[in-house]
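Heads up, the thing below is written out as structure tokens.
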Amino acid sequence: MIRLKYHLPGTAPGLLSSDHFECSEKSVISLFQYDAESVFEGEFDSFEELLERYDPTKVNWINIDGLGDLELMRKLGERFNLHALALEDVLNTTQRPKFEHYDENFFIVTEMLYFSPEEELLFEQLSLFLGTGYVITFQEESGQDVFDSVRRRLRSGKGFARTRKADYLTYALLDAVMDQFFPVLEVLGDGIEDLENALLERPSKNTLRELHECKRLLLQVRRASWPQREVLSSLMRDDTGRIERETQIFLRDCYDHITQIIDIVESYRDLTSGLMDLYLSSVGARTNEIMRVLTVVSTIFIPLTFIAGVYGMNFDTDSPFNMPELKFKYGYIAFWCLALTMGVGMYLFMRRRKWL
Amino acid sequence: MIRLKYHLPGTAPGLLSSDHFECSEKSVISLFQYDAESVFEGEFDSFEELLERYDPTKVNWINIDGLGDLELMRKLGERFNLHALALEDVLNTTQRPKFEHYDENFFIVTEMLYFSPEEELLFEQLSLFLGTGYVITFQEESGQDVFDSVRRRLRSGKGFARTRKADYLTYALLDAVMDQFFPVLEVLGDGIEDLENALLERPSKNTLRELHECKRLLLQVRRASWPQREVLSSLMRDDTGRIERETQIFLRDCYDHITQIIDIVESYRDLTSGLMDLYLSSVGARTNEIMRVLTVVSTIFIPLTFIAGVYGMNFDTDSPFNMPELKFKYGYIAFWCLALTMGVGMYLFMRRRKWL
Amino acid sequence: MIRLKYHLPGTAPGLLSSDHFECSEKSVISLFQYDAESVFEGEFDSFEELLERYDPTKVNWINIDGLGDLELMRKLGERFNLHALALEDVLNTTQRPKFEHYDENFFIVTEMLYFSPEEELLFEQLSLFLGTGYVITFQEESGQDVFDSVRRRLRSGKGFARTRKADYLTYALLDAVMDQFFPVLEVLGDGIEDLENALLERPSKNTLRELHECKRLLLQVRRASWPQREVLSSLMRDDTGRIERETQIFLRDCYDHITQIIDIVESYRDLTSGLMDLYLSSVGARTNEIMRVLTVVSTIFIPLTFIAGVYGMNFDTDSPFNMPELKFKYGYIAFWCLALTMGVGMYLFMRRRKWL
Amino acid sequence: MIRLKYHLPGTAPGLLSSDHFECSEKSVISLFQYDAESVFEGEFDSFEELLERYDPTKVNWINIDGLGDLELMRKLGERFNLHALALEDVLNTTQRPKFEHYDENFFIVTEMLYFSPEEELLFEQLSLFLGTGYVITFQEESGQDVFDSVRRRLRSGKGFARTRKADYLTYALLDAVMDQFFPVLEVLGDGIEDLENALLERPSKNTLRELHECKRLLLQVRRASWPQREVLSSLMRDDTGRIERETQIFLRDCYDHITQIIDIVESYRDLTSGLMDLYLSSVGARTNEIMRVLTVVSTIFIPLTFIAGVYGMNFDTDSPFNMPELKFKYGYIAFWCLALTMGVGMYLFMRRRKWL
Amino acid sequence: MIRLKYHLPGTAPGLLSSDHFECSEKSVISLFQYDAESVFEGEFDSFEELLERYDPTKVNWINIDGLGDLELMRKLGERFNLHALALEDVLNTTQRPKFEHYDENFFIVTEMLYFSPEEELLFEQLSLFLGTGYVITFQEESGQDVFDSVRRRLRSGKGFARTRKADYLTYALLDAVMDQFFPVLEVLGDGIEDLENALLERPSKNTLRELHECKRLLLQVRRASWPQREVLSSLMRDDTGRIERETQIFLRDCYDHITQIIDIVESYRDLTSGLMDLYLSSVGARTNEIMRVLTVVSTIFIPLTFIAGVYGMNFDTDSPFNMPELKFKYGYIAFWCLALTMGVGMYLFMRRRKWL
């Protein structure tokens, strides 16, 4: 189902409070600091330790795992000029992806989509602030994300990743998020193909349930991907200089990816909505086939049973008018002739109507 | 059903008359007056008393509960330059949400959505005039609204609410209205999920009725939310200076909320329209299953019954041609062999066709 | 059905001829002339008499009922510079609402919708020319229109109606047309609600017919209302000065009304298209229910009938292999035990499958 | 079915070749030359004869019937600067209507729609070049077109048709094409109404076929009409001076017609798509009705038949436990009482469930 | 199914690696070099040999068949300034058609659609770089493409193809790609027509499968054609001078083709989606017809069988109350009268309800 987290009606806007959210675990603060020459990685226990290490001449990627520590957020907000409304959106984890342009920084909300180690599909909100010299990311849950590849590339120092500014890091993170959509879509696509075969071969109630599940999942992926395109489009068209021209070319590539993702999602939606019709038609066809057999058997044998019933009646044959047929020498044979004639006649009639 | 209140065809435009509306109760006038230092709250019996207390140097929130008192409205209109057509729209409580820009003030119509203490979902029109130093709101019914939280915040004086102008109050009121949509949507979402399970488990006529009810409710929420977005968008893009820049950032947040609401409403509509198909498919599948059993039983036993009927006939066995089988020593056993062969044959035939 | 009146392919454009239209009745010419001080109302037999009375310093509302008098139209066209193509559109009464901007005047086609005294819903084309000092309206049929209220207001002289120019009269007429949509929509809405209940309670073929009728009617109302919005929008945005600024505020109100009408029409269309699905589902559910009963009864009794038929066979019991059961002391009781066991077994089987 | 004519993949663009088109008949060249004073009409055997007669000071309407003569087209192309790609489109008769703007002339492709003398609906491509002083039209088949009325008007010299330039002739031809849509739509509308009644009264397989035929026809008319609007809109907005201002007013009228046509086509599509649902619902309702009768009869008589079968069994009544009922004095009457009770009970049960 | 090839999440952008693509075969390099006077065609084993032959004063069409040779691509990229992201898109063969504008060249991705010699429909990505003096194309598989006609025309030197620059070659290639859509659509169209007839005549499960197959194919063609239009539109509107004005006229023709293709694809989609409904309706109608026969036969004979069963009961006729009918002289005849009356009555009843 569509998750809904909202701050309680009646609370003040921009008021940070997580007690009505269920994220009580401690936040984990980590810093990834680099320039072309050096890389530093570390986890910190407190905001103050982080600040000591912070170096505005390098690229600082501050990552917060878990949204439970409001005090930390307040401090971050103060130090880096993060707008109160934006911080509220960080906590309110059912935001749709969006891009917001503040004076001091950009605020981006996006949706990570990935398979957990248990092969479960997870949706997790990623909130990102891009300022001069820093990228601050907020993740809902600690322990897993889709950025290991980005970290590996930064550590290795190969390619030009380390020589770029925070805007390129932002691109790299968004690109990593987009890239995760493809394996998810592939699994969905395989699922749809399986469903198709199942529907045509042996439509069952279970297929219906899976089909509905699949449609709901697609709806969710769709909700996560459409607004993502707007986000990227806004970043691409940025003219404040916060995004360098070279990075914009990379963002265009990323934009192409999300366009392709949306394209595939829409195609899948088209396919699955056709599948519901297919199910109906397939079930209708099966019912028709079954009815045909029932009708053929009933139509042939019910009249015959009546005839047999007639000659099973006990009318007193002393009266010459009462069932004289029973006494005919060839009565039984005549009965079978009649029965066969009727049966074959019915059969031919139905054959002509193409029911067999 | 969609409510329709319209002024009778043929009445002059801008003519205030409530006798053809059913709101005859007395209007309740209340004033909430504040600036950074002080707050005043009070109810008044007459417009004149209100005017005495009115202080243009503070923010004056005049709230009218109940639309029965036309005289009062005329006086308000005169004093605060409320346009006659706008006042007519206040009375005509089936307006769609809209924003209108008059020289002296802004006129906003919006739709409040909330659960009454009896857990009933209510739709109530809120009409709002925003002028220099005042906000005038009109509510259909007295006694309940969604603004208690706004009042609490103003009374407490915490935060910056009291230090802002009337435009911020307008934002706060609109935000309170938007916030009420979320719990309503949550209840709807739970309802849809219940329906889904019911449809897949045991589709009944009642489920159908509830599903239809749910669709109608969504249609109503949709009608209330879509135009709301335009209203907020117009306010955000206002360039007359009546809305301060700082407030516009807050309105953008509010705009995000309504976008999210519309997003969810559309997803729900998608889901429910899929549910109708699901119902059809589910019923079709059940009918198919039932028919299969009927067909299997009929197809096996109807021919057998015919055979039994044949040997129940009373043909005169004096003729050697008449039912000699009856006199065979193993006739009965042969009959059962035939019957079993036929039954098993049918069973295998249907098994091969995957009906069992 | 959608009415189609078109001038025969091959006739010259702008050629006035009504012989292939079925409106042969005499046109009725009436004049409503007013300024702030005076009002004059009158019917005229000929165009010349009208011209004598015509006074360009006042507002002249010339109304033509019935489109049969081509000579009159030609004279009007000449005197008031009405474009030949516009006059052709007046005659061709299946125009969609439109606004056309000529040098000398505005040409507006709109669709009146009202209940006749016989409670029948009528669609009637209203063609209107707005020039300096005059409004000329053409109605299809004489005797009834929706403008009595406008006339009453002009006669009474209350309000500001009489102090305004022809552009305000145009607004007043258009507003009267719009206002007539609401009662029509209300009747339609009640009809839809009745249909809903009928569908859920006892769907019959008649409900289907009414539903279809309702959909067709909505389609017609829709065709009449959508282009109306464009007409009003064009009038509102007019910058030739023919529409005064003050009138444009009133037109905005009128535009809101038509927006609301379209909104309701679309909601109704949504509802009715959902109703067709509801019908299908409801019928499917009923068929399912009926089939269940048939299947239960057949499945229980057909096998039992076969058993009874078996013991009704006449095999010669002289052979000890032929139906020895018949001679058993408790054979009959054993038969009933068997029958009851089978029946109850079937019943439990079906119960487990939730068919009862 | 949608016709597809395309030049074979791999042929050069702008290469004139009709051997893979099936139009091998000789082209017929005719000229209609006029100015305000004189009219000349004639057919020519060769392009050279035509050229002799051609007079650039008058309006020359050159009409080519049949597309078989490539040599002629090449010469025309050379003489009148017709672009090679445009000429290719002339031959390729499955173009969608379009407007193309070349330096020397305008190229318009449109679709004529008319009933042949055999009451068959024909679609025929009309290609038209409008240059200074000439209009060149290409028709697929000779012998019939929709322009007789235009010719009549030009011959008669009444109205202003002869006093205008080639741009007005273009308008007149396009208008004649549009006008032909109305009778076609009227026939279609009547057909839809017949289908509706048939569907509600007695839905048969034939109705289904006709309905599908009707949908396909509408699809074709739609494909012919939608792009036509763009064509007219481009002509109306032309600012090269090739279309005179006065003619643009006439084109606006023509544009209104095509808008109205599209409007009707869309309404018809709406109606027919609703009809498919209606068919399904109607068939569903009929099946339901039939099933009800089957169920009622079966449910009443199958149990009764079982009871009768029981008392037709031949258990040896020497044992007092075997069917003592048979020997009861009122056994037969008791049987009928039982049977009637069961039958009436079933009947009442089904009555209560509203199946009768 | 929709193919999905994506670079593994976590690889760096613009990193050329084909090891996770399944295209391991050697790439084939060929050059087609021409100007107005001369043509050269040749295949090369290495990039260096190619470079030797490369002559910037002529038009060089470098074609790479097979995407396995990453080294080659890197060299090409370096020499001709092909952007790393573009080269990545070349490898990633499930791109949607797109146009990208780099400083040094244009990058176009398009989708070839053609029947293989084995009559199988193939989709193959064509990537094309257009720079000053060169066109570089990348094809997925070697051995077959749709460009033989282009090559033939270039070799022959007829027409103006050889006198133009690389931009015209690009047009010629794109046009060849578009032209291949038409025969594919024709085959699809024939398939749809066959399906229609099959659906109306004898709907079977196989028809359903084919219909679904057809829908899926259309979806794929649609995905390949829609973005193609944007590509052409971007090329047409190019203002960098890389596309000459004369070529833009040809591109407009190509744009018309793709518009026509999209038009046909949409019509086909419309038709096939109608066919699914048709199938449902057709099956529903057949089921209805079959049910009618079953109901008629059952309704007539089940009650009769009951009557016959009654007179087959063995009540002891010693009691005068027990089945005295059996002893009536005309009992049997009376039975038949009753049976015929009931049968004919039922028949008439059903006739009146229009079931026969």
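Labels for the chains are A, B, C, D and E, by order of writing; each one numbers its residues from 1.
Note that in this section contacts are C-beta pairs under 8 Å (C-beta built on N, C-alpha and C of every residue); 3 or more make two chains touch, one makes a residue touch a chain.
What you are looking at is a predicted structure, and each value in this text was computed from that prediction instead of being measured.
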item: If a chain touches chain B and chain D alike, it appears here; value: C
item: CA centroid of chain C to CA centroid of chain D, Å; value: 25
item: Rounded Å distance, chain B centre to chain E centre (Cα mean); value: 41
item: Sequence positions of chain E contacting 2 or more other chains; value: 277, 280, 284, 287, 291, 294, 298, 302, 305, 309, 312-314, 323
item: Cyclic chain order - from chain A, heading first toward chain E; value: A, E, D, C, B
item: Of all residues in chain B, those that touch chain A in their complex; value: 146, 148-150, 152-153, 158-159, 161, 172, 175-176, 179-180, 182-183, 185-186, 189, 192-193, 196, 200, 249-250, 252-253, 256, 259-260, 263-264, 267-268, 270-271, 274, 277-278, 280-282, 284-285, 287-288, 291-292, 294-295, 298-299, 302-303, 305-306, 309-310, 312-316, 319, 321-323, 350, 353-355
item: In the complex with chain E, residue positions of chain D that touch it; value: 1-2, 4, 6-13, 15, 83, 85, 88-89, 94-96, 98, 100, 202-205, 208-209, 212, 215-216, 219, 223, 273, 276, 279-280, 283-284, 286-287, 289-291, 293-294, 297-298, 301-302, 304-305, 308-309, 311-314, 323, 325-333, 335
